[in-house]
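Working notes for the structure below.
Chain nomenclature is as follows: A, B and C, assigned in order of appearance, with residue numbering initiated at 1 for each chain independently.
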Amino acid sequence: MKIAWFTPLSQRSAIARFSIAVTAQLSKLADVELWCFDDDETRPCSLPVKRFRSAAAVKDHVLQTYDLAIYNFGNYVPFHRDIYLVSKQRPGICILHDFIMHHFFAGYYLNELRNPAAYELLIERTYGLSLSAGERIWESNQVVQYPLFEEAIGGALGVITHSSFFRRHVEECFAGPVTSIPLAYEVQPADPENSRAKLGLGPDQTVALTVGHVNPNKQIERVISAFAQLDLPPNSFVYAVAGQTSPQYERTLRSAARQAGLGEVVRFLGHVSDEVLSSYLSAADFCVNLRFPTMEGASASVIEEMLLGKPVVVTDTGFFSELPDDCVIKIAPADDAGLAGALRKLVEDSSSRRQMGARAKAYAGNQFTAEAYAKGVIEFAWQVQAMKPLLTLADAVGAELSRMGAAAESKVVDQCAREINATFVANSSTNNPGDP
Amino acid sequence: MRVILATSIMPFVEGGSTQIVGWLHRQLQAYGHEVEYFQFPISESYSEMLEQLLAMRLLDLSQHGERLIAVRTPSHLLKHPSKVVWFIHHYRSAYDLWGTKYQTLPGTAEGLAYRTAIVNSDNVALRESIRLFSNSAVVRDRLRAFNGVSAEVLYPPLLDPGRFSCGSYGDYLLYFARLTHHKRQWLAIEALRHTRTPVKLVIAGSPDPGVEPYVFDLERLVEKYDLKDRVSILPRWIPEDEKLGLFAECLAVAYFPFDEDSYGYPSLEAHAARKPVLTTSDAGGTNELVIDGENGRVTPADPELIAHAMDGLYDDRKLARRMGEAGEARVQKLGINWDNVMSRLLA
Amino acid sequence: MRIAVLNNAVPFVRGGAEHLADALTAKLREYGHSAILVRIPFCWEPPTKILEHMLACRLLRLPEVERAVAFKFPAYFVPHANKLVWLLHQFRQAYDFWGTSFQGLPDTQEGRDVRECIIRADNVYLAEAKTIFTNSEVTARRLKTFNGLDSELLYPPLLEKGHFSCVDYGDYVFAPGRINDVKRQRLLVESMAFCRSPVRLVLAGRTETKVDADRIQAIIHAQGLEERIEFVDRFITEEEKAAWFSRALACAYIPYDEDSYGYVTLESYLSRKPVITCDDSGGIHELVKDGGTGRIVPAEPRAIAAAMDELYHDKPLARRMGEAGHSLAQSLNINWDRVIEALTR
């Protein structure tokens, strides 16, 4: 099978890292060529890369030489805009890395196309919601109700998600094949002893870490409150928060920490280099990775933490609920007592902490591999190919009926669906080829 | 009876398989029926096939006419309470060509899915017919093997066999067919080279578009074997009178295309002129018509053995006549006449 | 050029469009093109069938065809990059017949939805055509009003030039053509009762149903018009028609709201005979000029009778109008050269 794999390759893109790892494995099972639009400093890659400046430069007759195109979708417009546009020209398989694609479409319509009317029409068409002027849905948790991934995958031949949770959401609005494959992830662990020394952390200090862009969704205040409840000796532990924060929010959090008496305990690191992050990850005794409401299809940060053998406290929702109970600690979204209890146990019981970490590492090491991902992609690709003729037919018929203005619930649509099924899909009353 | 006659066509392509429908149309009218004729253009491209098949399912003729006769695929997908199908051949890419180098469907899961969908549509549509006929045993067998349905063989007759006449059993064999490689006129030349009698060969017919070089190949072969005074090649459309004349005066008709589904009109034309047919055992449908020693000769497709049969006919004109006359009986025995066709299609 | 002519078909029903499609296919071949006629079944009851047939047309393909010429709804939906429409008929039930007794579609939610789809589909798919020709100004006007589309006028020529001639201006008015309700031959027959002159009527053509025939016979007998009306209820040959025209005083053609100019009108002019028609006869007016090439009168028996009497008493007038009609026909250039040129340019 010949596959065109569309992805960013920038050093700044986590999806790029993912693509390189997966396609390296995939190329053992199929002929793979990478297609890339960004001209950032590129990650090193062993497979052939085709580079383009824009979607318009991609010629259909060239794409037709591939059996399948696979499109990696993420939220960042500069990396994914052209991929999105090509996916509309030539339907293929979409990999949805992010559950919430709202920021992508807001950025695309408002900043790139400068067409607010189109953005409003999109919201109206997809959710029946009329926006008030200048409303910025993506800035609040409301955005979870208007994820807009539906728009990204319209017309696709198939969709790959990274959790059952996300797969179920997609199945609600997409009639073609959908699957979920555990996200492939690789880590380069740093040396723990050196790390602590470098970071000025004592060998006896308990280190808790939260990684990722700092926003209210990550519930840092709750974590700080919970730590405060533990009433631990001041120098015995450190809670590091590594991730970009807005200055205003950082002030809010620092104030909360001070008020909780943890002004010296909580380290707000802001954005850190890969090297520093790696050191903290290596030094940490456990991680706290709350998300509510959940915005990701899967959580790369949790996977990374598990691969590094860290026990992680997570919210019992979305992708996190699908992780084994003995590898992570799941807390119900509003359960403050539960959170405090979990943190206490992790701080006080180092042996059980280490055991959970080991279990997490074993599980993650098996589950989140590029090899397994590549196999999952191939299996799904065959399934998609097999569904393509009837899906293409249904799309063609649907397009014509829609141009005529036939309503989705009208009789003719129903009759066509039945006719297609009765004519082209084998049932017990017709024999298959080769049967007498 | 009010009969709807439906078929599918490749626009602007004429051929043996389109004549059957035109002749059937005329004969239905001659037998006093009112005929409404529909021809549906069909693109053979697999990526457009399912849409076109669906269109056939949606176009509604079911309220009209007392009978629908569907001939070329996929016209049999039309729905009608009194549908009779005279099946000529499948969409071969999904059937006997699947798995061979001639397969045009991609060899992927997608191609397989197209194949499955197409085969299913045939399975459904064929079972709706009140009667199913095929134009040869070869096709009947494929219908059983691929679609699990039983068809009755109904051989297509010539439009008007009465136009042919028998003059004499002359000194030439007539190979009357389209000039293209798989019709194997070249094999006749190869065979002629091995004959010991002075039997001649007349090759007549239009070259298929796009394969004009085949004619040069034949001429070169004649040159190579120094047979210029024994082989005539007429690479063109042969007008009616000339055609009848060629059949009337030939010794016998040679016709051994490679593995064809049906016996081919030249075989019937031979018998209409009371001439025997010389064919080979790998010619396909011709073997349903020609019984070796009865109404012609059937030999292995080996030039020397064919040559032997050619000489045999040249040497024994009485035998040639007897076999030629037996041809007519054989044709009737197989029901290759319009009375039979009408009674079967309209039963 | 390799051309496909596309038309609808209802099995075993043949009308003007079917004859035109056959004629066009034959003429294209005569002019050196390769042409095939593709007839597409059409079924409009129940209403959902209409949508299914529209869709089916969209799913058909025309391989090896360089140009497609389509006549009617929904045949003109078949996709082709080089498509011309020679519009004979839209689905009038959705347009000018909607709200009248000819509506056809039920006035239910479903019927209304189907109507909306027909209109929308016409708007979208007719616009795909490279050019739209219409067979009359009436059709063109409707297309512009309902669908906002422009078109070029292209009159269909007579299918057979025939041997029309003028021998003399006799004592009968000739009314050829299919006999049914819409063509209103009954009204002509009724008018004869009001004629004061001895003018006769020759009514020649096959009645569509027995009811039509019976009704006409009933009027003839009731009014005692047996001597005045020759009722030839059968299909007549071209030769017969030409012969009747050649000796007629005039022609009467009074259909209700006809789409096109009416072949009968042209045949009458080729025979140099004036045409009597009615003010609600529709497209006939494109070719009949009141007082110039014939008479346009209200659709009521006395008025029609008066027109016939007038011509009976003034044969020179009939001749003058007939000649004028002949010139008009020539000037409009209704011939196959023009049609083939337009469709293959």
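One rule holds in what follows: contacts are C-beta pairs under 8 Å (C-beta built on N, C-alpha and C of every residue); 3 or more make two chains touch, one makes a residue touch a chain.
Just so it is clear, the structure is predicted and the values come from calculations on it, not from any experiment.
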**OP:** Point out which chain occupies the most central position, where each centre is the mean of Cα atoms.
**Re:** B
Subject >> Pair with more cross-chain C-beta pairs in contact, given B-C and A-C >> reply: B-C
Original post:
Hey, how far is the Cα centre of chain A from the one of chain B, in Å?
Top reply: 61
**OP:** Would you mind pulling out the distance in Å between where the CA atoms of chain B average out and where those of chain C do?
**Re:** 45
Original post:
What whole-Å value do you get for the distance between chain A and chain C if each is reduced to the mean of its CA atoms?
Top reply: 66
**OP:** Going through chain A residue by residue, note those that touch at least 2 other chains and give them in order.
**Re:** 396-397, 416
Original post:
In chain C, which residues are in touch with two or more of the other chains?
Top reply: 52, 55, 59
**OP:** Quick one: which residues in chain B touch 2 or more of the other chains?
**Re:** 51, 54, 58
Original post:
Which residues of chain B touch chain C in their complex?
Top reply: 2, 4, 9-13, 34, 36, 38-45, 48, 51-52, 54-55, 58-61, 63-65
Original post:
Where on chain A does chain B make contact in their complex?
Top reply: 1, 67, 382-383, 385-390, 392-393, 396-397, 416, 419-420, 422-426, 430-436
Subject >> chain B residues within the chain A interface of the complex >> reply: 47, 50-51, 53-54, 57-58, 77, 95, 106, 108-110, 112-114, 116-117, 119-121, 123-125, 127, 144-148
Original post:
Which residues of chain C touch chain B in the complex?
Top reply: 2, 4, 9-12, 34, 36, 38-41, 43, 49, 52-53, 55-57, 59-65
Subject >> List of chain A residues in touch with chain C within their complex >> reply: 396-397, 400-401, 403-407, 410-412, 415-416
